[in-house]
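Structure record follows, encoded as structure tokens.
Letters are used for the chains, namely A, B, C and D, taken in the order the chains are written, and counting of residues starts over at 1 for each.
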Amino acid sequence: MVTRVTPDLSVQLGRLHLAYPTLMGSGCYGSGIEYAPFVDLARIGAVVLKSVTRQPRLGNPTPRLVHTPAGMLNAIGLQNPGIAWYLEHDVAKYADRPCAMVGSVAGFSIDDYAYVCERLAARAEIDAIELNISCPNVASEGETFACDPALTAKVVRAARATTDKTLIVKLSPNVTDIAAVAREAEAAGADALAVINTVRGMAIDVEAWRPRLGNVTGGLSGAAIRPIAVLAVYEVARAVRIPIVGQGGIETVTDALEFFLAGASAISIGTANFTDPRTPERIVAGLSEYLQRRNLTRIGAIVGRANRGFANRQEYEGDQG
Amino acid sequence: MVTRVTPDLSVQLGRLHLAYPTLMGSGCYGSGIEYAPFVDLARIGAVVLKSVTRQPRLGNPTPRLVHTPAGMLNAIGLQNPGIAWYLEHDVAKYADRPCAMVGSVAGFSIDDYAYVCERLAARAEIDAIELNISCPNVASEGETFACDPALTAKVVRAARATTDKTLIVKLSPNVTDIAAVAREAEAAGADALAVINTVRGMAIDVEAWRPRLGNVTGGLSGAAIRPIAVLAVYEVARAVRIPIVGQGGIETVTDALEFFLAGASAISIGTANFTDPRTPERIVAGLSEYLQRRNLTRIGAIVGRANRGFANRQEYEGDQG
Amino acid sequence: MPLLESTARVHATTVVDRRELAAGIIVLGFDAPELVAATRPGQYLMAIPPGGEVCATALGIYEAQGTRASILFFVTGKRTRALAELRPGDALTVMGPLGVGFDLSGGVRDVAIVAGGVGIASVLLPAQALLRAGARVQLYYGARNAALLVDAERFVTEGCELLAATDDGSRGHHGYVHEALARAPHAPDLILACGPTPMLRAVAKVAAERRVPAQLSLEETFACGVGGCWGCVVPIAATSAQAPSFPPAALGGSDVVNARVCTEGPVFWAHDLRW
Amino acid sequence: MPLLESTARVHATTVVDRRELAAGIIVLGFDAPELVAATRPGQYLMAIPPGGEVCATALGIYEAQGTRASILFFVTGKRTRALAELRPGDALTVMGPLGVGFDLSGGVRDVAIVAGGVGIASVLLPAQALLRAGARVQLYYGARNAALLVDAERFVTEGCELLAATDDGSRGHHGYVHEALARAPHAPDLILACGPTPMLRAVAKVAAERRVPAQLSLEETFACGVGGCWGCVVPIAATSAQAPSFPPAALGGSDVVNARVCTEGPVFWAHDLRW
């Protein structure tokens, strides 16, 4: 006998409980408020806020965006008012938040990360912290932390020491072995991993003979990078036990399912919001339908099931009924 | 006064002179013979042959191909009859070749590469050698050489010692710093660099709960990876003085121009032949028109011109007339 | 969480009217009474092309009256090609109205509107509003040739004085539209302009020379269109009323901040721009 | 360089006829006399969809007579959707004919053709050839329901005996088409089959049990379609006449090699397959 119950889509990332397994990608969704006229924020899991740094940043010169086949390049350059102003003027707006708010921290030194993380995590309006150690658009100012396992370990350890709130570490695809970086982040105390940030890329204006982006290079996102992201999640899932927030080109429920099956416990939607802000609610509805059709009661049941060969994940329970 | 002359599209890669700056990507164009009913091979620069290894290889299990947004994943697994059989049965077919034939060498040890390179380069029918040290689809059998600058140096030095013919070294995008690998390849004696091979990726069948490729992972090619490839060429061009064969998602003359402006002296077309085998002749015609429109007499005039900031290339001569 | 005081919404509408004004220049009319009620002159919308392309596309709100709104666009790429395939009866989803419009307060009496090419799509509503308020409206309208001066007569019917300019001289002034503006015998009270960036820069220069305040509707590559991605910025004076909230001390002597064209704009005062 | 002895070419043709046989099942007819002259039953072509999608798409050559050839396809994804938009007068580029067809030599008298769904597109030409040669042709034709048994009557008109099977029992045998074949009172001389892989496996099993030689037209994901990429392989017996040139010693005791469906196939003898 099969009873059709509404499947449980909730997910636990460290101490953070989300009603839906859908996060909105940092830098793509502002503070969430910008999207409030178009979506019911109570039906998404969390907004990951735009990354904030210790000092204010004016960001990169325009143009900051280029559309490319099945994707786009961006080079925003972490424009933000700096942590002091942010705490004073912006954070209070999230007091009555309808979904979880994840603060995103960026920086240029280990001390930067720890400093900003501590202050941001101290605020009640912020439910968890994501460490953006993988932004490809500020590389001129220093090596990307997530491209070096040892640096990753150090920065995660420093941030970990400042807060008990859930710490999500965002990894870069611009490496040879993402699993090695993931292992260091886990060992250093990360509660979850965001996989992946954008892939480094460039486009050239062939009439003007110059790069299309003011910053010369940018980060590639959207459907074009989905196969790269699915593999990254798959490899990281086999290397660590902490949950993964899969992202990179998720547009439809089928795309989202690829990430869950590859080993993600939750997903993040960035660029697809620019196609249609109704994308998150369509994906949530599609996940419910899919689980019901297969007689599964919770999203956790499919996490990491693309390959029965890996043994270090506990969600396996098979189709039921 | 402006005289419209047919621009010179020829290019020199080490000792190899090509009438057209268009190579057909290894593994995408068979031996060239397969495409002879559909294109005039005399109007392309060179065919880079399917990679050959020391021992015969049956290749990866089916499915070997998956279509993805603006691209495709492949995991052929270097199916080939091995160098001995290849020399005996296949190479003689190229005696009356209408364009240059570049032999592609793959392997699993430095000795493999040197062994196959020496034997293949000794044949008069083979005009140059490309070292495929960056195939992502046989990784289970050992590290990809092009992901390690030191290994790259060793394998290039070993191959270099076996022949005076032009040696093109094919680099992988699956690294943090492709310029570092490029510098090692140049120092070890490469005459030219092929930039880039495919990007590692994966796709999952969400109904069957298994990877779509028999090999689990594969290499992503096509327009989706073009921004990644353009950046790789741009970075390598600033690191080395030897010519670059740019590739990754070139479908139109505009795409080709991006690569020349980024710093490629020649381009390679792979996946776009699957869309339409007339792609190479369209691109050659388009390059001629573009150069004429801008009163340039040779393709070399635009190489590396996307950024006037780099000083180590000699082709700069500005729009003429 | 306090919502923005925004009247913008997602509107699932139906195309009721399609006109091809010239080769590759399309007007699509659709029923969207709430959008019409909320729209102020100079605002735009994000149109979601059928088929799920990567990003929605920003288009001015051309007409807005009663229940009917319309968009006017040039077919330049994938997304406008997809929109051009829509026929009456087809579904069309739009988000809007978005951005700040033109500031038509202050009782201006004599206004020059400058439109270049597709810029015409954003100036009908301000022209109508000004005419309703009793102002004199001169439309300086430039295009490559006469055939591309689409709907010019429509503006005359509404009550505008038309001053055409074409690159090939096939109608009106032979040359750029800002040249016609520069030569006008008396300066207007206010200039409103929408068109390609080089035209807007030239208009700003003429406005400065003639000491006329000018509002420019800018175009940048957009991603979100709603202020969420900070991809569409233009440098403006930190002292501008449109400057985003930012710590003044952070500017290190510079008086420039990056404002979002989609949200702080698309209309900016020419004297505020630092581009 | 010695060319392959190939009659395949790129043909720039024009659509002259478009029929929708059922919802999402389209036949496009086009003029291509050289293609028709070169085509053997069971061959296919690569159709280049308008709009420059990533890969051309493999489709059986459905009809080929005089100057007119046609393709019959199900709209399943991007590429077939693009082809479905073509109308009479539109340009269509195809490459072909490609692959080896069915082997109809040997004077067979009594043939069972098994077609599942879109597999029907590859079996009209062999049916016609066999009928012309005086053979009895039984068409075992399976689909989800009666409406999807497209052009069934056409085959009857040509002279085939039709044995339908539908998943929902709406016409003919209620169940799979191979079940109908398994129950046939006498075994045919030869079986030809084209359809989904599970159907082909089932047909191969029936053929083996009844000791009838069977030729199966396989489907795999293609990239080049011309033998250049080795992406479309299927394992077959190394002893098969269709096995690609390969050093026997290399097989290490295995008797299996990977053959390209696009070039060594798409038609293989069932007994050669090692899938």
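Keep in mind that, in the parts below, a residue touches a chain if its C-beta (ideal position, glycine included) is under 8 Å from a C-beta of that chain, and two chains touch if they have at least 3 such contacts.
These numbers come from a predicted model, not from an experiment.
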item	value
Path length in the contact graph (subunit A to subunit B, fewest steps)	1
Chains touching both subunit B and subunit D, listed by label	none
Reference subunit D; chain at largest CA-centroid distance	C
Distance from subunit C to subunit B - Cα centre to Cα centre, in angstrom	46
Distance from subunit D to subunit C - Cα centre to Cα centre, in angstrom	55
Averaged-CA centre spacing for the pair subunit C and subunit A, given as whole angstrom	35
Residue numbers of subunit D (touch at least two other chains)	none
Per-residue overlap in subunit B, given as positions that touch at least 2 other chains	70-71, 223
Touch-based graph of the chains, sorted into line, ring, star, complete or other	line
Chains that touch, pairwise	A-B, A-C, B-D
Complex contacts: residues of subunit B adjacent to subunit D	27-30, 32-38, 41, 50, 55-56, 58-59, 62-67, 70-72, 74, 76, 79, 81-82, 84-85, 89, 93-98, 222-223, 251, 271, 273-278
Interface residues, subunit B side, partner subunit A - complex	68-71, 73, 147, 174-176, 199-204, 206, 209-211, 216-218, 220, 223-228, 230-231, 234, 249, 254, 257-258, 261-262, 290, 302, 305-307
Partner subunit B, residues of subunit D touching it in the complex	1-4, 6-10, 48, 52-56, 93, 95, 220-235, 245-247, 250-251, 254, 256-258, 263
